[in-house]
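Shared chain: chain A. Partners: chain B in the first complex, chain C in the second.
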Partner chain A sequence: MAEVVLRDVCKRYGSYNAVDNVNLTIRDKEFLVLVGPSGCGKSTTLRMIAGLEDISDGTIAIGDQTVNDLPPRDRDIAMVFQNYALYQHMTVYDNLAFGLRNRKVSEDIIKTEIDRAVDILGLRDLLKRKPRELSGGQQQRVALGRCIVRNAKVFLFDEPLSNLDAKLRAHMRLELKRLHRRVETTAVYVTHDQVEAMTLGDRVVVMNNSRIEQVGTPWEIYSRPSTRFVASFIGSPAMNFLDGKVKRNGSGYHIHAPGGAFHVSNESARGLVGQDGRDVIVGLRPEHIRLHDSKTDNALHGRVELTEQLGAEQLVEVIAEGARIMVSRVEAERELKPGTPVYLTVEPGQLRYFDQATEQALA
Partner chain B sequence: MIGERLSFQIGLILPSVLVLLLFQVVPIFIGTDASFRRWSLYDPDKTWVGLEHYRYVLSDTNFLFTVLPNTFLLIVASVGLSLALGMAVALLLHRGIAAQRLVQTVVLLPLMIGPVIASTMMRWTFNDQFGVVNAFLGWLGLGQPAWLADRWYAFGVIVFTDVWIWTPWFALLLLAGLKSLPKEPFEAAALDAAGRWRIFTHITVPMLRPVIGVCVVIRAIDCFRTFDQVWLLTGGGPARSTEVFSIYVFMEAFQNLNFARGSAAAVIGTLIIMVAGLALYALINRFMDVSR
Partner chain C sequence: MSLASSGSSLPRRTGLFDMLRPGARAAFMTLAVSAVLLLFLAPIIILVVTSLRPGWGVYYIYRGTEFTLANYVEVFQRGVVIEAFFNSFLVATAATVLSLGVTVTSGYMLSRFKGWLPKTWFTSIYVFRTVPYISWVLPLYVVNESLGLYDTFFGILAAHVAVHVCFFSWIMKGFFDGIDPSMEYAAMIDGCTRWGAFRRVALPAAGPAIAALGILSWLWTWNEFLFALILTGNRTPLLTVTMAQFVTELGTEWNLMSAMAVMAMIPAVIITLFAQKYVIQGLRI
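Now for the complex of A and B:
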């Protein structure tokens, strides 16, 4: 129902920049996820949109209205907090009704709205209970219900699943996705969990050190990370980074890395044009690496250090000339003893290169 | 090994147990025993008279229709007013005001002044000839009542003094309570468009209820025993009209030197306050299971 636009938004605490020059447009009905390590400024950004924190610099607009000086109550937003922030002394019904009663909505309409929300969330039997009589998942649903009944322009989520256990978290993640499809509203979702970010977001914003590192669809973020930080933050297990050297070689390039060299054809190495002779950081995703027992062309040579059996697959740590390389998706039944020599290959198109100094992607 | 540990523990608590026994428990027994005997300085036989003194006290119209109503009126007025004022001060300090530390210290001053000194101060403040209150009223061209010579004026001064002394205590405890509340429900309420008053009535007070409850119970029981303020301001006068429970007991025992009758009144008071206290506590306990 509304677009949210952040223009040059800053948040300063004394001389510390908690949020530094953030520019972001959240499209109407989009589910946008802010993800980053703790202290990166994602929650502060969200709280500035909510009006719970002052904006030090820049403007925030919701719909076509600048909201910098509007108190939270006038911004027409609803928010789900990490610890749910339910009113513990009120029944579930009163919790859901509180925001509407404050806006002088008639009890008839309140009842209709609550009925609708309760059906969506399956809270029918819990209306007379108090929050402390509910499980974590149920409390979270009540908090969601509080948003739904409000028909707010924008939904804000501040790490809503992080207090739930792993199983419930996976379940609620799906529910949230289903919910967003049913209640089409602009949503901003803050999390430090990259799985939540990837699965929930129409677009994902990766933040680090008070700044935005990259904005894009989950696939863009995963396949074309714009910085080394994004590459390392998204994906599990994390991307491997090796020091490499670019050498031009006829029609293509050679990348010299610990344990060997890759030949990369011209087409699949757009980022390396003009980088001849330079030192770069080579990024290899563990899931893209294939493990060979015998010597292969274009491969890094190393020895198995450790294996982790996950049942469906194995994670293998390989040491190549002192560099640690994590390899995932190795067949579970394959026997790899520590010390076994192995050869690692990667499809050239799946390699990523980063500048050693700026850590920006070369592409 | 355990014996050594046990004896060490006993050694630790023994001193306080002895003091408690000697100065609290034994006097309670002596006093209770006295209340069943004829026990006054001019009659040293200490004859057992059973419930005679209880019958006297419970049929004393002064005790029933002046002392008890006064005592409960004082409790309701003093606890109610200092709770309300203390809450206001706590909210103000919690929100943050200019010169916070200075104000906080000034507000707490009454707590550091003994009730005797505070009461003496108030007696002079409200003195009908030399008091600052009447001087001020005269300057405004208003009437200058003899504050301590009229029953309800005098009672008002007593309540005022008690509120003056105890408001900081409420403010301090409620402020601590406010500071310990989680902030998210308040943020949620701000997003839910609740105004200040609605946040106060629907979020703050319910969440603070356990603290408020404990404060009220402690203060109400304590207020039942009020002595200094009343004794110094009015001495129970004019004409015993502002007498409260403790003054009644003191008068019977140490002015009339009828220890037995005083003891009987004290025992009756203890029973009243036990029942009232437990009832109050049970009442408040029903609201206790509220927050978090």
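Now for the complex of A and C:
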């Protein structure tokens, strides 16, 4: 139960910057998710908080203590690893007790703590087993138990669900969420899976190329991505990006894009003010696009290229003047043969604009 | 016909063995296994039988019915034999304990740490491993001689430890490579120092592998002949060399040599029987 503050944190390997100038405040009792593609520096950041990697530059504070030079054992943290990292030669009970015994906690208190954790996680019948006699999900729960018994100030999670199959992952995701509500502790969670990031995080940090791209609530990240990278990384299927041109037009703006133009009224033209004549990248989320069979105003014209039937919906790929546009949430019953002409519309407020050169959002 | 019809659902096989009837297959297997067993057991059987024959009967072990334990009595009446057993046991045990003590940590270092020190260490081991075993022995002899260690217990022990450290650090590195380091990270977060994480988590996890290596090391030293021959003399008799000394100018005393060989096999057999699991794991190295 503590705040974690990273100030100008860098990690260098020779001339390579693995983590570049990260500034981040993780609030007390917050569940913060670091998400990004592999190699973006999220795991290194987590391992620096844990003390498993040295910090090249900057400071990390847990609570009111700077921990730069503290070894992991003195940082009062607990960590769950991707491959669980259970002690193979110990029983589940001993695995859970290990950290407490190292801290010279009396066996009575250890037993009470383990009882509490075991009830939360449903491990009662497994206490005498060795890790290799457990399934992946059970091992994961023991690893979580090892955190819970410790009552540490901060929980660190390093892709804890990525070794589980899809079904179990969804289940454990819910359990983790429930667990965090019950054991209110500051938690930092690293994943490359945007679904985990969106569902678990109180706030989400999107990282790319060793830097933080954006910090915000899942909804902020989804609805107001601050860069083209964030916009493309969060959301599935990924956002469509089209080359567009802004033209001022009386009461509002015209956005010219492949296959047509959108009229954007002044109210929804946030980010377009003063951009007259400028080339921009227009971002459209597949789920925000409506598909019409007949000619419509304010629409892009294209032809159906491919459809993917998912049962509950269809994904449709449309080609408009050579640009590929993905459309999701199309009614499953609707028949769309390749080559069919279609018209695409979007609520103007849902369009996003990015600078061509910097790829920063215009907002 | 029944084979052909039931075979339709199975993947098509064309091997000669698969074309046989089940009964013939069993017979074929029995024959093959017996042949292999005979190949491996014959020398041991001949050895045991020879050790039980009087001196004049060793060339006719398949004839004659005289059997005697006199060879064993005679062998053990020679003081040098007892001494050789004792010395070999001591050298094998000490070499195993000392070399494992070094290789466990050195293998761990090679597996987990980066930098110039592990790199240099690994390269030197690599170079030494490429040198044929026999080319070690003459330099070692010269070194031992100049240090006054020739034909001493410590001289032969040091040579064995040196070779083991090179060979086994490599193997031990492989063992630790197979153990996930995040277990040690977890231990460090759980309150261990770096050394504590090694001692309390990595070491127990490598336990079976270390046991396998220990057994191999012990058997290797127990059986070793070349170093023993060159680096020791009369003051420090060792098992393998003493055994070879039954070859005299007057002929080879096969019966006595066999009796001693049978005795020398016993520890190896016992170890193999009781630690089969580990030995097999060690053989996969």
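One rule holds in what follows: the second predicted complex is superposed on the first by the 363 of 363 C-alpha atoms of A that agree within 3 Å, B and C clash if a C-alpha of one lies under 4 Å from a C-alpha of the other, contacts with A are read in each partner's own complex, and residues count from 1 in each chain.
The rule we apply is simple: a residue touches a chain if its C-beta (ideal position, glycine included) is under 8 Å from a C-beta of that chain, and two chains touch if they have at least 3 such contacts.
Treat the numbers as computed from the prediction; the structure is a model and nothing was measured.
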- Task: After aligning the two structures on chain A, examine chain B and chain C and state clash or fit.
- Result: clash
- When the two structures are overlaid on chain A, which partner does A:87 contact: first (chain B), second (chain C), both, or neither? both
- If you stack the two complexes on chain A, which partner ends up touching A:38: first (chain B), second (chain C), both, or neither? neither
- Would you sort A:251 into first (chain B), second (chain C), both or neither based on which partner it touches? neither
- Task: Once the structures are superposed on A, label A:102 by its partner contacts, choosing first (chain B), second (chain C), both or neither.
- Result: both
- Message: A:132 in the overlay: touching chain B, chain C, both, or neither? Say first, second, both or neither.
- Response: first
- Query: Of the listed segments of chain B (3-11, 147-155 or 219-227), which one clashes with chain C in the superposed model?
  - Reply: 219-227
- Note on the structure: On chain A, the footprints of chain B and chain C overlap at residues 50-52, 71-73, 77-79, 81, 83, 85-89, 98-99, 102-103, 146, 150
- Message: Considering only the defined contacts, which chain A positions touch chain B in the complex?
- Response: 50-52, 71-74, 77-79, 81, 83-90, 98-99, 102-103, 132, 146, 150
- Message: Show me the residue ranges of chain C that touch chain A in the complex, using the header's touch definition.
- Response: 180, 182-183, 185-193, 196, 201, 204-205, 207
- Query: Along chain B, where are the residues that touch chain A in the complex?
  - Reply: 182, 184-185, 187-195, 198, 202-203, 206-207, 209, 290-292
- Message: Under the stated contact criterion, what part of chain A meets chain C in this complex?
- Response: 50-52, 71-73, 75, 77-79, 81-83, 85-89, 98-99, 102-103, 146, 150
